[in-house]
Amino acid sequence: MNDTYDISIFPVKLEIQVRSYEVDFQNVVNNAVYFNYFELARIDYRKKMGYSLNPNGTFSDGLLFFVAHNECDYFSPAYLDNELIIYTRIDYIKNSSLNFEHLIFNKTTNQFIAKGSGVIVNVDPITLNPTPIPDKMIKEIKSFDKTVKVFR
Amino acid sequence: MNDTYDISIFPVKLEIQVRSYEVDFQNVVNNAVYFNYFELARIDYRKKMGYSLNPNGTFSDGLLFFVAHNECDYFSPAYLDNELIIYTRIDYIKNSSLNFEHLIFNKTTNQFIAKGSGVIVNVDPITLNPTPIPDKMIKEIKSFDKTVKVFR
Amino acid sequence: MNDTYDISIFPVKLEIQVRSYEVDFQNVVNNAVYFNYFELARIDYRKKMGYSLNPNGTFSDGLLFFVAHNECDYFSPAYLDNELIIYTRIDYIKNSSLNFEHLIFNKTTNQFIAKGSGVIVNVDPITLNPTPIPDKMIKEIKSFDKTVKVFR
Amino acid sequence: MNDTYDISIFPVKLEIQVRSYEVDFQNVVNNAVYFNYFELARIDYRKKMGYSLNPNGTFSDGLLFFVAHNECDYFSPAYLDNELIIYTRIDYIKNSSLNFEHLIFNKTTNQFIAKGSGVIVNVDPITLNPTPIPDKMIKEIKSFDKTVKVFR
């Protein structure tokens, strides 16, 4: 499956291990937990660009993001203690939103586990209304994530 | 927003209240929690058709379902203690899968919160391979959920 | 076990049903989830006394509480979809803290599931330092929870 | 606080970072999440002794453990993204149970966050009844965790 997706275009690679309480009544990682993983991957993406999270949920450059859309296709279950690799890239940037793309593989077997995407909106920290992504951020992403498409 | 969606075609209505630990670092219900709510709604749908869950994850008629796809569009945040209504219907049935559709509203303000859908696959409890939805189940759904489309 | 504990002295009774994602890798309700249940029960206790939660975590009378101690003894596992009853009382009140006591039973079988307690501290919403429980609150608790002991 | 507790007697040190969805309505790590951390620490303890977890919840030596008691004292809140260190030791071993002790510190500030303990019971994987801890395991723990007390 690594042959199907070109993982070389994903700038961020996060490794996590399935935790005991993330496995559900069907003995597999609960379907909702993948969205926790995607959130960790998106935060990790920004950290690898040099920003950190403030306790109030904004990043160190003052930006605040809300999730507008989430989706996930599940290909193979993940089990207790599995080591997973999450590859993350930004597919495109629009005026005030970013579209993240995630691929999850089993680190040990290389099996393809899931594919997800999420639309994140830059909001004004006071009004919470959508506001344009700053040019500085777009420039930094284009340098960090070479295949990103900018629609604006 | 209740004027936009015809909620009268949704046979299942589940009321839940936002729990303290479902609110996250941004003081809103975490985006992943909506998929917990959708799962509760799907289980509730089958319960309202007369089936219960066994401790091993199968239903009382022996059927086992895996989630193949999940998605959610977020329109307004939900906050601590908010009372929410989740409307659920099955949009269509294919050979071995069902497509659930969910709408979430704030019960107090009637504000539209989120729209989601999920594809659930009927799997053989032993092999875990996809297997056709039994005719009996399709017949029961058509009687319970009048606008369902059957593609097979 | 209902014969062992005098549940008649517990003023608050909360019914919950075990959710699919609360069951863990051992097919039982994860041990940490009981503390979620206790938190729901403590919030329910205050609601039944007429107070609600604000989105910022304070109650409608402006009080803010932090958890200082938690404990749980597990007697029998709880399983997927089990209906549980949580009985809650306040055992004692000290200067700035309250000691809650919780008993959990399986609603269907009456089996005793767990016993827990939690020390909650009233803190100043600005400084977050412990501050005395207001006399008004103590008076209300004594009227609502007849066997509470007040040490001050 | 590192001066108060002798952390040199704790054989297992696990580092974790607070995740976005572990922070609750009060902007601190939810009180129940500490028990998730303790569970991760206990599993890590056994891994560092050379055992792994099977998908069914038993360890690679076939042993199965249930939690009989949990407790936690909270000293300072942990916040979004904080890096935490969890020190873990076994305080004592009885016939069929072990008593784990955990200390949590903020890795950056060295602030003492919480102290916990948990009683874990060795159960027969078939009957789920308590069964004596095997001598082999006790011998291995005594070699790994020098200050453990054995009461049997």
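Here the chain labels run A, B, C and D in written order, and each chain numbers its own residues starting at 1.
The rule is short, and it goes like this: a residue touches a chain if its C-beta (ideal position, glycine included) is under 8 Å from a C-beta of that chain, and two chains touch if they have at least 3 such contacts.
What you are looking at is a predicted structure, and each value in this text was computed from that prediction instead of being measured.
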| item | value |
| --- | --- |
| Selected interface, C-D versus B-C, where C-beta contact pairs are more numerous | C-D |
| Separation of mean Cα positions, subunit D and subunit C [Å, integer] | 24 |
| Separation of subunit B from subunit C, taking each centre as the mean of its C-alpha atoms, in whole Å | 30 |
| Junction residues of subunit C, two or more chains touched | 20-21, 25, 27, 30, 32, 36, 39, 53, 55-57, 80 |
| Arrangement of touching chains [line / ring / star / complete / other] | complete |
| Subunit D to subunit C touching residues, read off their complex | 25-27, 30-36, 39, 53, 55-57, 64, 66-74, 77 |
| Residue numbers on subunit A that touch subunit D, as the complex places them | 19-21, 27, 36, 39-40, 43, 52-57, 79-81 |
| Touching residues on subunit D, where the partner in the complex is subunit B | 20-21, 23-25, 27, 30, 32-33, 80 |
